[in-house]
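First up is the structure itself, then whatever we jot down about it.
Note that the chains take the letters A, B and C in the order they are written out, and that residue 1 is the start of every chain.
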Amino acid sequence: MREKIKAFLPLFGPKGQNCFGGLGKKTAAFALCGILAASCLAGCGDGSGSDKKGDGTELLNVSYDPTREFYAEYNDIFCKYWKEQGGSDVTVTQSHGGSGSQARSVIEGNEADVVTLALAHDITAIENSGMIEEGWSEEFEGDSAPYTSTIVFLVRKGNEKNIKDWDDLVKDGVEVITPNPKTSGGACWNFLAAWAYEQQNGKSEQETEEFLTKLYQNVLVLDSGARGATNTFVENRQGDVLIAWENEAYLSLDTHPDEYEIVTPSVSILAQPSVAVVDKYAKDHGTEELAAAYLEHLYSDEAQRLAGKHHYRPSNEEILQEFSDKFDLEMNLVTIDDFGGWDKAYETYFQDGAVFDQIYTE
Amino acid sequence: MYVEMKDICKTFDGFQASDHVSFGIEKGQMAALLGPSGSGKTTILRMLAGLDRPDSGDIMINGFRVNDLPGNKRGIGFVFQNYALFRYMTVADNIGFGLEVQKKSKAEIKERVEELLELISMEDLGKRYPHQLSGGQKQRVAFARALAPGPGLLLLDEPFAAIDAKVRRELRNWLRDMIGRVGITSIFVTHDQEEAMEVANQVIIINQGKIEQIGTPEEICFHPKTEFVADFIETERFSQGGK
Amino acid sequence: MAKKKQRSYQQDVVGDSINSIQKVVKPSEEGGSRIVKYLLIGLSVLFLFVMLALPLAVVAANAWKEGWEAYRKAVMDEYTIKALQLTLLATVTAVAVNTVFGVFAAFLLSKFYFRGRQALAALIDIPFSISPVIAGLVFILTFGNMGWMGDFLDKYDIKIVFAVPGVILATIFVTFPFVFRELFPVLNAQGKDEEEAAALMGANGWRIFWRITFPHIKWALLYGIILCSARAMGEFGAVSVISGHLRGKTNTLPLHVEILYNEFNTAAAFAVSSILVALAVLILIVKSLVEWKKK
């Protein structure tokens, strides 16, 4: 048997030359590499249209989850505005996902011209990787947050479990839906709002941690993004209460009238989703001017009203007043500064091994 | 000598398959490589065919040293033990394959194939596929296929091993007649002494990689040169079989 | 038809005596085995119904929930068309690359004996054992900005991750072994005799491949291609990680369905899903045709 197998080896012919002619091992290997390389390059040539250097008429806006509807409309407004200003036809491509994931993708090579994310911290992460220049938060008004929001509760019509405030979320038998702070910006705001509530009520660090532990024990599903959490609550009908962005909550009321109610907690946090131009890619694509204008225009009256329409709180004080019947302007809101700024807050609560990890693994 | 093996040695992983093998076969002769299993007879055949390379020694075909020539350039035809017919080609295509490779014209190929089909008495079966043939028919097609390109040397590896006993004798006689008619030099490997004695006119006895004796069937039977040959050949059986 | 033929053949070949023995044995066997037979059939039908027919019906029902106009709008939407184009591009490329590779590899590994043969065969099977999401992550770690090829790619302005090449690469990866796995056992079982015989007659590699190897693997190849296509079209995990979800650019049909669903646009999501279902049905029809022709 061995004889037979070994005997087969020299089918390559007496001198090691191949009886099979062209179909030798080496040829096969080369052909293989050739094909893979060819398909890669073909794919590159095919799909890189948007990334030609110096093109200057295309923007990639990497955003977070709930802003889909808003930017769909805003992009039309902006393109029209830009045309009126004498500019060329502009196409804006959108990408949405959990804020943290989106930031990471930009760092990994997603060539965003602008980022419009859920918290300043995610943008700082991109800054730290060298793609955004320092001082980005002063570029635009209001710490580069053209619109703000806050955290509220969404419950099913009738509010069976009678949820009125944060305390009700830690009761037995209450199922909470909130996303994962590791990937979702909204989830971070949620966490901090809950923390703020305890602190405002004079609880100690220890007690606050216990409170949050109980809260997260009641969490049924930890989605990766705010929109995912909304879907879990609304479409899949899971859980009794959704801790959500205010704008998400209102959107749910729009799409599913008469099925849900918003409950405003006694304490919440002013959530400031920030925006920035990604300098590295904007330079590469020749879109610096365009990108800056794109973000600047978010502060125009037109855009501010659009934000209000999509349930975001406009940063423009006057226009905010126009929506006083929709938004509860009297809410007790803490800000991220009360936590010492995002860097400190992230380090304390959301870093690997920090408070959230400790709470969630218990 | 048409075919000559001069002092051939071959080792497979420490196992001596051929040990200073030397023999010669005249043109037109029909030789049998006879020996027990594992004696190295198939190795010799494969080296002749170019499927294996000897470690030392020379292989001469028609006066040329062919050690460095690939199998397809040696002018040999090979009949495999299990026929190895191309199962997705018709009988005619099978037979004509060698000529196709030689890039002969379609007309030439057709002519030769018909000629061979007639030779093996399968004129009407040209369009059949191998799985539609009996064992004996497959053997005949394999034979025709090997002959088609007009080789100078025909090598057969245990040609009757896969055939059932009933048909074997008929086929044996047929092959002997055929080869005699075509006049081609041939060497076949077998472990069946009756077969070797009946079909061949030159018998080479091999044992453990060494040649024990070379001679005509009569010489082998009645004048065994070594003890092994004497033991190996059961004269009674042979005389009972008879030509 | 075949059954009738079989029975008459049996009656011809098998003697009367044996037939009579069968008659004695049959009745009691039949009663019990019939129940088992119906039970098994029933369970299979139930399983198929719940796992296959029901979801398909749900997709269909939801797709047309808001009427034909809404369905047409969702399916004809610019982003949907772009997603369909990308899905088809990725599928065709993956099938082409993996077919060529599969044929080469299967031929190599079954006809040649070399050290490391087993290891190579195991390597080819890796995409089966890795979760597609991990695969996507691996690509990001390799070709992303922070990956070890990152600087090289940046220098030559080659975009792989978060662009179309990445999507295609991910699709190629997850469907890698399909064609190979269909061909390898067939080629292995075939043995080398015929090729050896042809080689001895002077045939070169290509001739041997086309006239001897290829006819043998024709049907297995087709089947492998079909499986590869089906898998490529439905790929989600790996592509999702590597695509960047750029609307109109790097979204395949499955990703687009997810987006629509996330936008509370359930009817549209199901409408686009029905495109995928249609493609799947198309593949099944082709497969049935192939199998039918084979007979």
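Quick note on the criterion: contacts are C-beta pairs under 8 Å (C-beta built on N, C-alpha and C of every residue); 3 or more make two chains touch, one makes a residue touch a chain.
Keep in mind that what you see is a predicted model, and the values were worked out from it rather than measured.
S.K.: What chain is the most remote from chain C, judged by the mean position of CA atoms in each chain?
M.R.: Taking each chain's C-alpha mean as its centre, the farthest from chain C is B.
S.K.: A-C versus B-C: which interface comes out with more C-beta contact pairs?
M.R.: If we tally the contacting C-beta pairs, A-C comes out ahead.
S.K.: Take the average of all CA coordinates in chain A, do the same for chain B, and state the distance between these two points in whole angstrom.
M.R.: The separation of the two C-alpha centroids amounts to 77 Å.
S.K.: What whole-Å value do you get for the distance between chain A and chain C if each is reduced to the mean of its CA atoms?
M.R.: Here chain A and chain C have centroids separated by 34 Å.
S.K.: Just how far, in Å, is the C-alpha centre of chain C from the one of chain B?
M.R.: The mean C-alpha positions of chain B and chain C differ by 47 Å.
S.K.: Specify, in ascending order, the residues of chain A that touch 2 or more different other chains.
M.R.: In chain A, 11, 19 touch at least two other chains.
S.K.: Could you tell me which residues belong to chain C and also touch two or more other chains?
M.R.: 196, 199, in rising order.
S.K.: Which residues does chain B have that touch at least 2 chains other than itself?
M.R.: 50-51, 71-72
S.K.: Applying the document's contact rule, which stretches of chain C touch chain B when the two form their complex?
M.R.: Listed in rising order, the residues of chain C that touch chain B are 193-194, 196-203, 207, 211-212, 215-216.
S.K.: Looking at the complex, which residues from chain A come into contact with chain C?
M.R.: It comes out as residues 5, 8-9, 11, 18-25, 28, 31-32, 35-36, 39-40, 42-44, 46-48, 50-51, 53, 60, 62, 65, 68-69, 93-97, 105, 107-111, 129, 227-228, 231, 234-235, 251, 255.
S.K.: Okay, in this complex, where on chain C does chain A touch?
M.R.: 89, 93, 96-97, 100-101, 104, 107-108, 112-114, 140, 143-147, 150, 157-165, 168-169, 172, 192, 195-196, 199, 204-206, 208-209, 244-250, 259, 261-264, 266
S.K.: What residues on chain B touch chain C, complex-wise?
M.R.: Listed in rising order, the residues are 49-51, 71-73, 76, 78, 80, 82, 84-89, 97-98, 101-102, 149.
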